[in-house]
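Got a structure for you, questions after.
So that you can tell them apart, the chains are marked A, B, C and D in the order they are listed, and the count of residues begins at 1 in each.
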């Protein structure tokens, strides 16, 4: 299974790149993807997850071709 | 004592003019002024009162040179 | 704070932009602007309304609007307030009133803007007369807030 | 309904005016417009902020903003909603976001405008990085509503 993984804001800086691919038959959920991309546990703070641009949880299933994103709590709007 | 009396909106139409003068030693309050200007009781509906451009009540005292206004409930702002 | 009553066509966005440009003390200080515009509809209570005549009490209107804006500045943590109200003859789609509030954070701006509108409807001496196809009528009550 | 993310300078009043002119279905129908503008301050949490970098998740941002406006239209009696959000590099006094809501009466416009802003801050994938004199920091929490 092939999953596109994206990082935003502080998480992008922590991992050092904005996206990567995970190709493995061992990933069934967002949590599995996270383990694959963060073996060294560099991601800190509260994490949010999205699958195909919809908010997801660690146990949300992922499928071939999905886009999974990891990012910190959002801070849009006015200051 | 000489008091300037003003009418607005529907009250102006009911009395037929927008202002008048009351000159009498018998007027001590807004209520007295109202009696003087509306002997025929043509003013109908809920009335609001102002003395010198501040909201007042029927028993608010009036003095020489005051401006007393009678008008219906206000309807400013959006529709 | 600025309070203005005008017989001329009201462009709410131009008023807000002009006030903001004039207000050097706001620059870099405000994070939030809440703004409300009341506009004439072409219907009310089920009837088609062709035009509206807005009467006011010159002098008292400005005084009451000033009291309302001062009260809002006392009650809410805001930086500034603008109120402009149209009077005279209006057609459908004409803006009637604009209230704008500047503050550091959004809560105060929203709360104050709404409060000023409610107070304005209750305490500012304006009266609306609607012209329908079959004659005219004074609007005798406010809409609920 | 219109939702837009832009890297260019945002003129909130021009956006609102343009949307209103384009919206023929609003003419004569709306009595109330509630509008909120968020603007960059030159300070935050006691520090001088020289500039701000606003990152977002292209595609997801628009999708989430659309969900937010649809939810507001379901929940409140409104006629239309506009949301425009700036991204990229901003300087103090630059507008960041504008939310405008049109409705027949003011209550729905105020309620919906505020609700859209709260939802936007909670659910739209935007991230702010502040540049201070002594370096940069990610803003890690929202202001209370």
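Rule of thumb we're sticking to: a residue touches a chain if its C-beta (ideal position, glycine included) is under 8 Å from a C-beta of that chain, and two chains touch if they have at least 3 such contacts.
Please read these numbers as outputs of a predicted model, since none were measured by experiment.
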{"item": "Joint neighbours of subunit B and subunit A, given as chain labels", "value": "C, D"}
{"item": "Pair exhibiting more inter-chain C-beta contacts, B-C or A-C", "value": "B-C"}
{"item": "Subunit A-subunit D separation of Cα centroids, rounded to whole Å", "value": "26"}
{"item": "Whole-Å gap between the CA centroids of subunit A and subunit C", "value": "48"}
{"item": "For subunit A, residues contacting two or more additional chains", "value": "77-79"}
{"item": "Multi-chain contact residues (two or more partners), subunit C", "value": "31-32, 36-41, 105-106, 117, 143"}
{"item": "Chain contact topology (line, ring, star, complete or other)", "value": "other"}
{"item": "Complete list of chain pairs which touch one another", "value": "A-C, A-D, B-C, B-D, C-D"}
{"item": "Contact set on subunit C toward subunit D in their complex", "value": "12-14, 16-17, 27-43, 92-93, 104-107, 109-110, 113-114, 117, 143-145"}
{"item": "Footprint of subunit D on subunit B - complex, ascending", "value": "77-79"}
{"item": "Touching residues (chain side subunit B, partner subunit C) in the complex", "value": "6, 8-10, 45, 50, 53-55, 69, 71-79"}
{"item": "Subunit B-touching residues of subunit D, taken from the complex the two chains share", "value": "31-32, 105-106"}
{"item": "Footprint of subunit A on subunit D - complex, ascending", "value": "36-41, 44, 54-57, 59-60, 63-64, 85, 96-97, 117, 120-129, 138-143"}
